[in-house]
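The data blocks that follow each hold one structure.
Okay, so subunit A shows up in both of these, paired with subunit B first and subunit C after.
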Partner chain A sequence: MSAPPHTPQPGSGWTVHAKRVLVAWIVLSAVATPLVWFLLGPALPPGKGSVQAAGQVFDNTVLVAFVTPIISLLVVFFVYVLTQFRADPSAELVDGPPMRNDSTVQTTWVAVTSVAVLFLAGFGTYELLKDGAGGGQGPAPIAKVSGRNLQVQVIAQQWEFTYRYPSYGGLETSQLVLPADTTVELHVTSLDATHSFWALQLGVKADANPGEDNIAYVQTKGARSFDIHCAELCGLWHGYMYDTGHVVPASQFTAWIKQQQQVFASVAKYMPRYSTIYYPDPQRRGG
Partner chain B sequence: MRGTTWKLLGVAVCVAAAGVLIGFYVSALTQENGSPSYSVPVQTSNGHPVVHLTIETVAAVGPKLSPGSPDFVSYLIMEKGQWKRDTVWRVPANATVHVTIYQFDGDSGLRNPYLARPEGIDGNVEMVDGKPLDAIDPADASHTFAVPAYHLIVPLPGVADNAKNQCGYAPCAMSNAHHTITFTFHTGAKGHYRWQCFVPCAAGWLYGFGGPMQTIGYMDGFLNVV
Partner chain C sequence: MSSIAVEARPPVWRRLVGFNLLTGILLGIVGWYAGWYLAHAIHAASLDYFADIDFNELSIVLAYIFGVIGFLVGLGFLNYPFARLRGYPPTLREKETGGIGRYFGLCTDHKVVGIQYLIGIGLFLFVGGLNAMLIRVELLRPNHQVWPAGTYLTLVGIHGTMMMGIMTSGILGPFGNYLIPLLIGARRMAFPRIEALTFWMLMAGGVILETTIFFGGFPTGWTGYAPLNIQANAGMDCYIIFFALVGISMCLLGLNMIATIVTMRAPGLTWTRLPIFVWGVLSTSALMVLSAPVLIATLLMALLDRTAQTNFFIPSQGGSAFLYENLFWFFGHPEVYILALPGFGIVLELLPVFARKPLWGYRLAVAGMMGVSLLSFFVWQHHLFVSGINADVRPFYILSTELISIPTGFTFLCGMMTLWRGRIRYTVPMLFALSWFFNFLIGGLTGVFLSDAPSDVTTHGSFFSMAHFHYTIMGGLVFAFFGGIYYWVPKMTGFQLNERLGKMHFWSMFILFNLTFFPLFIAGLLGQPRRVVTYPQSLQFLNDWVSVCAFLLGTSMLLFLYNFVKSLVFDRIPAPANPWGSKSIEWQLPSPVPVHNFDRIPVFSGDPYGYGERSAPVAVPAGAPAGRD
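Entry: the complex of A and B
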């Protein structure tokens, strides 16, 4: 069957179009990808306040840099098509050329996208298992982090976080202070509703569930302050459940602990023995 | 004018109308949540602003102050000799705040005993019926007055279960069984700071944390520091 009149046919013109798109794509990718890697990447959240946060910045940079050529191809393709294949509104409406199977294109597409997805899955898994990436891993973490280890319990309640230091006699405080250059094992739990402990600049985010011990690791670096937020809608004052934590030099941390132990003494006798989870009483007025 | 133009115009008018209605709704919500803040009278001492907050806590706010929820537990504040259910208070920045709380409610107990220790107030000591305390028994706590942004918390002991002449509905008389708690704290920079009770004191609600604990205007509010 012969093609209808006025129907454009694939031929040498299509090769020209493909070459133009290819060249434009390579040029745009060659410019955009280094910009992403060297300029955008270092500015990505959450910053480099801890080893885990720096790892997240690296992961985000790799992912954005990886996707940049793909986005570049889409942008070039759309711009080229929109500018080169605009129909003349006054021209007669006709069918486009018939679409036919091209096994080379299909095979290439499946192979390239499979490799891309498998690479990202492998990369993400490796990064996650390396140090937990600052996320809550439940009561039996797979990605444990060795090193000088300090255990700190994060206790969420409506609507404040408090913190216990089991290696300092179960001391509880209303502020989170951590020593610099230390591996901190955070045990996150809740006394009432579901909350989520999010230490933004440290790259830590772990759900706080009642009756659950959710463990997350963070390796602090130099002294700095960091923002703490609840990241799970937990009731009326969820939006106000935030605070500022501090990473301080080891000597300053020791002095702070001593000071806190003195002010904690008055209530120490009422405190329950340290536990990874609590089922607090009373609920005398609860329904 | 062509039909398409009319359609576009209609859509634009509808979107604008919806925007105005949403604006009114948000505005009304803001008014409701913020409620008119009570400007606490300011005195000066050596040029330093000083305010006195006189508050009471009651087991049931009563139909006069809360017709819709007379059984809600609540804070009340003394305004010009009258007890009012206002929980948004306007106080000066960098001021000394002397607080007197008349506590008429029974105990509920704290879920976290750590909060039974006064913190963020002068000397970290509260006066309970004239007696200085640096902690109360967590099981005896009826309420707390807490401003988390200031790391301020003051536990309030409850009236004994067998106390005589307990207050039913607010406003309570000074002849009703109560504790008097006094303490002093200092405001800092200007800002909008929430205060709340940490005791699960909402009778009949899940974990004692529903109803008045999830509704602005009873057991929580704002310190508008200006």
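Entry: the complex of A and C
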């Protein structure tokens, strides 16, 4: 059935093929990577609404720039191979050269991918530990951020978020307003199912678990508004569990807090005392 | 060839009495009501804070457990154990001869089970796909409810659970069962009755999952997170029973595969001569056997929480929602490699045939698959980067997750070097195999964003991660699944599939798949969370685009269905014994393969990839009949 085996002739040109692929790859990567870095990079989410968000944009940019040469290699390789090495469909079956192995290629590939992977892991770890990257870190965070500090508790329940400001007499409101240029320590918890507090433009995501205190740090920058979504399926109206938060200048923030304290003065005395966690048990709520 | 006595067939009514599918369904229904009434007799009222207090959860659980037992008894799974207890001598095979009826009951012929799996899984794949269409109908408009919110979540849940559950056996079921004995030169699987059992359990499970709509559906998606799953109504029990059945089926399937491959290889078939697909099956089976028990145990705990007032996962009563997340993802991450790895195997098996070159770097390819298999047990907390659980160990999970790129890269290298300087033929199976590289490249590289914790803060729980796993699972598994169908169905049925329609199916599916799922990365980056029934107005164009492409993608599946039915039922053009010019042993047998596979057990003298080499045929099935041409 199969034709006589192919005998590789010296100089039949596999090095030529390899050189062409290599050159095309280098050219494509050299063109595409800067384009991706400078054009796509700044457009990547979540924007520069906070220090952590800007850190994520940088992280995403590095990753996109990192994968560009990999995609380029595969694209160049497959375009070349699939056009150059196609068999004549009408002719009888002809076998290709019986290459079974090449230890140089293998070693190079394993070495390069290993180094790349170790770089990625090291880079990701550094970026994570630098400022927490806006992610929930559980009750005892390792990537703490110092500075002018404001504690805000995010209490998720089916199907809304409420926010408590313990340093302002345990004020609890349904709006999230944060002062600009402040380090905010978000304590995320839940009263019922698992939710996830996602402040898109601030680059914050932290799961809200019942009975757990999940701390995330965010350093706000200028005044802006941001979208809040629940990012963990939490039941019937999960899709409608969204909200808009605001970062406002410090003076405006103080005024807002005063106004809220007046509005909620009559109910504040009935509110449970502040706790980092709440249980969905009526007898233990606020305990 | 084989000497099968043609018996006089009894009348139809006589054939309907006995242990068969009809009896199975009837006994299943009887068992269902028996369990229902038994549970009401026990009457464990659910007094938990979360659960419905007006519904006896135990009744539906016992109903389904008894129903499944009744179904399996009716199919005849207890006949052999009882025959042995009554002193009958052991037999290896039963109900292997006969007509089309073999396909509708307990049959221990691995080839029949393989085809049963192909049809059964194909059926549920289409049901799951239909659910996806209904999900996309809802997302056509940002703030208009086509389905009530509960129905929408149930659709999302059934789609995800069906795909993640049934498709675990998507390749090992049909192709594993059909081909493993052939590829290793055996006449059967190690445990033929268990092989049949895994299939019928899976089918019972699929039906049970669909019945969740009669009990209010379930709101949790395929992950079934606690404590939402404790709070959910009775439809949740269908999810639990379904996934537990899938777990049992998966575990037994994996055990059977490992036992078969380890103990039943023909003489001369050393570990380095095994076809690479067999290695893919072996690495997947190891994952199935080690991860499925954790799933079963987790679901049992959730079931006890729902029915027997235990508090494993209820934080207010001293349980932990984190415990569920840990246990679930300890199963859940190996699970996604259970879906992906057989695809690696099929792709690497197909490339040498259509590039007419030996598989390049055989040992590296094996190391790649076994490496993925091993590493996949050490990465599960990357699903929990922002959950607040064990936040200090995130650097470890960043590293372990990204390490998986290395063995996955082995697979890419072996595939690419196999194509290098080959004589590539663009047949339909080859197109599917080649498209795997593109899809899995996108899926794998977007996975880098999810494995990197800072980047995961942006992408976690959004449509980005959803697009990512559709690229790896649909792009990896389903494309390999169709590649396998176009490649092996001529061998399985003896009939050709229409090449032209096949190519139309491939191109429409490949293009529409990318048009559907690539924009979802953008939707995720722009802030659309997963599993939402509503989304911002600004994302409507993206969502409408995706929905329309998804409907067309669904239509391209109908093209496949048309081809499948037209070629196999109406056209019935006999396939040559070896249409692809493969050197692998299954293609040296007639199509379809005779009942006993080999008249004499073959002796292997090499691997099946000797293209371009002056080697003797790989295996000499001594005395086997020549191929039908």
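In this text, the second predicted complex is superposed on the first by the 267 of 287 C-alpha atoms of A that agree within 3 Å, B and C clash if a C-alpha of one lies under 4 Å from a C-alpha of the other, contacts with A are read in each partner's own complex, and residues count from 1 in each chain.
Throughout what follows, a residue touches a chain if its C-beta (ideal position, glycine included) is under 8 Å from a C-beta of that chain, and two chains touch if they have at least 3 such contacts.
The model shown is predicted, which means the values in this text are computed figures rather than measured ones.
Student: Which partner does A:Gln175 reach: the first (subunit B), the second (subunit C), both, or neither?
Tutor: first
Student: A:Asn209 contacts which: subunit B (first), subunit C (second), both, neither?
Tutor: second
Student: Tell me the contact category for A:Gly47 with respect to subunit B and subunit C: first, second, both or neither.
Tutor: neither
Student: Determine, under the contact definition given at the top, whether A:Glu160 touches first (subunit B), second (subunit C), both, or neither.
Tutor: Touch status of A:Glu160: first partner only.
Student: On the A-aligned overlay, A:Asp192 touches which partner chain: subunit B = first, subunit C = second, or both, or neither?
Tutor: It touches subunit B and subunit C both.
Student: Looking at the overlay, does A:Gln137 come into contact with subunit B only (first), subunit C only (second), both, or neither?
Tutor: A:Gln137 sits against subunit C, while subunit B stays out of touch.
Student: Scan A:Gly245 for contacts with subunit B and subunit C and give back first, second, both or neither.
Tutor: Once the two structures are laid over each other on A, A:Gly245 reaches no partner at all.
Student: If you stack the two complexes on chain A, which partner ends up touching A:Val267: first (subunit B), second (subunit C), both, or neither?
Tutor: It touches subunit B, and subunit C stays clear.
Student: Pick one for A:Trp237: touches subunit B only (first), subunit C only (second), both, or neither.
Tutor: Both partners.
Student: Show which residues of subunit A both subunit B and subunit C reach, each in its own complex.
Tutor: 192-193, 235-237, 240, 280-281, 284
Student: Taking the complex as given, what residues does subunit C use to touch subunit A?
Tutor: Residues 49, 149-150, 152-153, 219-221, 223, 225-228, 231-232, 315-316, 321-322, 325, 355-362, 364, 384-392, 394-395, 398-399, 402-403, 405-406, 409-410, 412-413, 416-417, 419-426, 434, 437-438, 441, 445, 448-449, 451-458, 460-462, 525-527, 529-536, 578, 581, 583, 610-614 of subunit C touch subunit A in their complex.
Student: Inside the complex, what are the residues of subunit A that reach subunit B?
Tutor: It is residues 155, 157-160, 162, 172, 174-175, 191-193, 235-237, 240, 243, 263-264, 266-267, 270-272, 280-287 of subunit A that touch subunit B.
Student: Write out the stretch or stretches of subunit A touching subunit C in their complex.
Tutor: So the residues of subunit A touching subunit C come out as 1-2, 5-6, 14, 17, 44-46, 52, 55-56, 59-60, 63, 66-67, 70-71, 74, 77-78, 81-82, 85-87, 89, 93-102, 105-106, 109-110, 113-114, 116-117, 120-121, 123-125, 127-129, 133-142, 188, 192-194, 196, 198, 200, 203-207, 209-216, 227, 229-240, 279-281, 284.
Student: Where on subunit B is subunit A touching in the complex?
Tutor: That would be residues 108-109, 111-117, 119, 124, 134-135, 137-139, 146, 148-149, 151, 153, 194, 196, 198, 200-210, 213-216, 220 of subunit B.
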